[in-house]
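Once you scroll down, you'll see the structures, which are given as structure tokens.
Here chain A shows up in two complexes: once beside chain B, once beside chain C.
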Partner chain A sequence: MTMSGFDPFAQLGLERRFDLDLEVVERTHRELSRALHPDKFSGGTPAERRAAIERASAVNEAWRTVRDPVSRAEALFRLAGVPVGEVNEPKTAPAFLMEIMEMREELAEARGARDLARVEKLAAGVRAREARVTASLASALASGAEPAAALPMLGELRFYKRFLEEVSAIEDEAMEHDGAV
Partner chain B sequence: MTALFEIFDPKAAPKPIGIDLGTTNSLVAWVDANGKPMVARDCDDVSLVPSVVHYRADGGVVVGRGAQLLASEHPRETIVSAKRYVGRGADDDAVKGLGPYDLLPRADDGPNVVRFKVHGRAVTPMEVSAEILRSLKRLAEDELRAVGGVVITVPAYFDEAQRQATKDAGRLAGLDVLRLLNEPTAAALAYGLDKRASGTFAVYDLGGGTFDVSILHLDDGVFQVKSTGGDTALGGDDMDRAIAEELFVAMGFADASARPAAIVRLVLDESRKIKHALTTSDVAGADLPHAGGAVSRVEISRERFDALIAPLLARTGVTCRRALKDAGVKPEQLDGVILVGGATRVPAVRAYVAKLFGREPLADIDPEEVVALGAAVQANQLAGSVVTDEVLLLDVIPLSLGIEVGGGVVDKILPRNTATPASARATYTTQEDNQTGFVVHVVQGERELAADCRSLATFTLGGIPPMPAGLARLEITFRVDENGMLGVHAVEATTGLEQTVTVEPSFGLDDDTVEQMLIDALDHGEDDLDARKLAEQRVEGRRILAATRRAMADSPDLLDASERAAVEAVAAKLEKAIEGTDAARITLYIDDLDAATKPFAARRMNEAVAAALRGRDVTSVEVEVAHAKGIENAHADG
Partner chain C sequence: MSYSDKVIDHAENPRNVGTLDKDDPQVGTGLVGAPACGDVMRLQIKVDESGRIEDARFKTFGCGSAIASSSLATEWIKGKTVEEAEAIKNVDIVNELNLPPVKIHCSVLAEDAIKSAIADYRAKRDAKRAAEAAAKPEAVATTDAR
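Up next, the complex of A and B:
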């Protein structure tokens, strides 16, 4: 199976849409994992055991893709025939680029000052923006309009995701310095 | 039918066993006739077999308590805590200060593994582990007629090399290793089955030499490992060492390089006893020889001990917080904390865990037996041919897996805590014109540079025709199976050249070496090995025949008449081969039957998926109905 042909939604028997009920996604993953679990086939033929492991890996990959908003959006674009990735997407708008740079600078300062409260405040702001863009992207993708027009929102989501990963790394760093209870 | 009878006769059925192969102690357990898991005990009613192996000058081997008694007298010939060396490289600095052993340097063309020099010969940690496993097998055989498949537990944090070495040790001990199971998962399994609980749990496992924490989610019979974390070099042994350092100073041996090996062993033994005594007493001590030769008592208070181990506990705290964060769980969302490992008997550890997670930890099951009991439960399930409503375990990858790309940077292909079995692909291209090969360097770890990660394997995909940079397309697929073992497949898309490696880690032994060890271990060499191969292939052939017929009876509609005839024809050939004495012939028809049933197996899998999805839809309707009822009830109450 090549990446371009992989349909994570079909793997999980889910509708191809962005605003999925994540609880249903989790439940589906659990049910399929149960049905395909290698232990269920420990008495089966080798072909069956192999088929079960392959299918279970595909289900896990589909689950990984679908539960994360960025990779879920990427899969939807890809399945709609819109190529994704840095080279295929429109350049980031200069105004947003400026904003990004300022936010990153502020985060770097807070990190240097070991000011966790400020880091958390920045993260909360980004989470709010992320939620807004997620909602807009959902309605854009559900509207039936040309999906390529919604690509800048994917770029924005990616940035927020990276930013929050950096926040998480800073929190890890803080934990390293603070082992005692 | 005779063949089937032989396989399923309960009297003849060998008993599946679970083994906790620990750093300090090991145990073996099984599920008794009443379905209750129990650990094997020796004639003195002791279940713990010290993971200590003594090599006698005459070539004999002593395992367990007997070996432990010889340790202070023969420190270099008695291997203690071999698990700390399993799967480690000879050039790994971290293993050098771990014990009073003579470690052999890596031979120029030899595999990169730790080798102890014992009586002039080389012994690998894997062989030491195999001796322990053999001894546990004998302990089980004393009570059971025959030992069947085995589940061996490993720390969740064990990497590929360490898992492979553990599996090889099982093979070398003559065991049929059904599965490697993560220790915390085994513990949760023992608890889950006893309590039928559902919820989110933390398993805090502080053993002799390793620390593990896992966050597990149990829902409707499915255990899902949400995250794991740990340290392969932190445990009760470190507490002993902390006490020992204190004793050495009091004894006048402050200079570590001037300590006689026998004294080191004696002090470590006394330190362990002091640690145990401090579980119930406020002060404990030992009579020890001082540097000048005089013997006098040295004492340590519990207060001092608690202070000595505080830094060790703080390290476990950091790991626990990260695991909680990875799982997206706050301490107050946990439904329970399970204690595993002998070191969790230390009162300061229990107090620390209670504070860290904000609740008293569970310790209903003996923390030293719980892992073996869980392994026995799992072995029993795996060996059963009838599927019952067993608890299923969904595991994750403990450390990120990736490959080295330009500039020595790691490209993570499967990040840590990805659910297994897992697969993922990444595509790369050539960086130079006319590049005819790719070197694929597989690494494991969280660091950004390959040099800081664990190197697992390196292979080359060559023979690519010269073309400009950026044109070749190398697609790399990582697959991690249900045992956490990694397979890597590389294909160059424009030419279709491909190569697959099952990761035979650079820190391990290759298959031929293990095979040779297996031959050496048998008294009669190759003849016995052939006889054993034939017996194994016959059992495997019969098992596959039975499974194929069962599957065809279960889903008769998924095969058309011609496919059915083809399968029957191969099955008949396999049946005939089993009656013969040619193992290779049996293998051949097993492979043929495998190929003949492949489309059938895929269809069966589609059915299983469709059935599960139908089940999900039913469940979601049920949830809605329950919800609606809840609203009605609320109205009725009002």
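Up next, the complex of A and C:
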């Protein structure tokens, strides 16, 4: 569901903010899911049952959106009237791209050499950067300043996310190798 | 999402993967990224004295469509003049690879990479010419007198 009007925060009864306690949100999601479980509506009319299913699916979608910092930020930008996506976001700074390229090449090299220790070291560096940018994005979005100014940070987070997805793929690959032996 | 056969072919057997010496004055390097998806692409050209692209290399960290777009771009620009390469449009790549709408940005990235490599090559060439002109003041004077 990618309707522009979808408000994942409202679905979960949350304030529209980036800085959320995800443990609390997860608990809310679980309680809502339980309350909307089809068993609870077995005596209801077909319309009521259908409404509960739709609501449960919206609640799940909302939780998926809110739990991930990138999609949570995207939702906030969208709801603030700042379009996100390929044509709307500012170009990435060349110096940053250079760093990302170098880090990706290093990661590819470590993968080729099956050097998991190096992979983990690179991943730790990227996770630390991700945490820093996430914190900056949180304060930028909470400051009440023009949200569009914070868009480059969202871009940066996506590059880190991609990097860490690659790290997970390498880890899975390594585990499969271990399992095969 | 299903990829077209051409995308799969390029993604599985990418052409011209690698690097050229970025400090070579005949080499132009383009580095571009897609903030919307986190893909990063480097495309390099080596231009001969007559202005023809004699070699092209790329390295892309991204999805299959991004890899295919940059692989195809290097294939196309090799042997072309810089001006001809500059005329390549992302829609040409979209049509050749049958990219779906959600992957059009990959072709835009490849076009940007070509343009950015050409811009880098030209900046280097102009700097080199300026340096040469400064080193040979009498040559400039002769040209001016003619």
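Everything that follows uses one rule, which is that the second predicted complex is superposed on the first by the 177 of 181 C-alpha atoms of A that agree within 3 Å, B and C clash if a C-alpha of one lies under 4 Å from a C-alpha of the other, contacts with A are read in each partner's own complex, and residues count from 1 in each chain.
By our rule, contacts are C-beta pairs under 8 Å (C-beta built on N, C-alpha and C of every residue); 3 or more make two chains touch, one makes a residue touch a chain.
This is a predicted model, so every value here is computed, not measured.
Q: Which chain, chain B or chain C, is in touch with more residues of chain A?
A: Touching more residues of chain A than the other partner does is B.
Q: Which partner does A:D115 reach: the first (chain B), the second (chain C), both, or neither?
A: After superposing on A, A:D115 lies clear of both chain B and chain C.
Q: Contact-wise, after the overlay, does A:E146 reach chain B, chain C, both or neither (first, second, both, neither)?
A: Neither partner.
Q: Pick one for A:E173: touches chain B only (first), chain C only (second), both, or neither.
A: In the superposition, A:E173 touches no partner, neither chain B nor chain C.
Q: Looking at the overlay, does A:R104 come into contact with chain B only (first), chain C only (second), both, or neither?
A: Second partner only.
Q: Applying the touch criterion given at the start, work out whether A:L154 contacts chain B, chain C, both or neither, answering first, second, both or neither.
A: Touch partner of A:L154: chain C, not chain B.
Q: Of all residues in chain B, which touch chain A in the complex?
A: That would be residues 178, 219-222, 224, 310-311, 314-315, 317-318, 321-322, 325, 352, 355-356, 381-387, 390, 392-394, 418-425, 427, 475, 479, 481-482, 543-544, 547-548, 550-551, 590, 593-595, 597-598, 600-602, 604-605, 608-609, 611-613, 615-616, 619-620 of chain B.
Q: Along chain C, where are the residues that touch chain A in the complex?
A: 31-40, 42, 59, 61-62, 104-105, 108
Q: Sort out for me which residues of chain A touch chain B in the complex.
A: So the residues of chain A in touch with chain B come to 2-3, 13, 24, 27-28, 30-40, 42-48, 50-58, 60-61, 63-64, 168, 171-172, 175-176, 179-181.
Q: Quick check on the complex: what are the chain A residues that touch chain C?
A: 84-87, 89-92, 94, 96-98, 100-101, 104-105, 108, 151-152, 154-156, 158-163, 166
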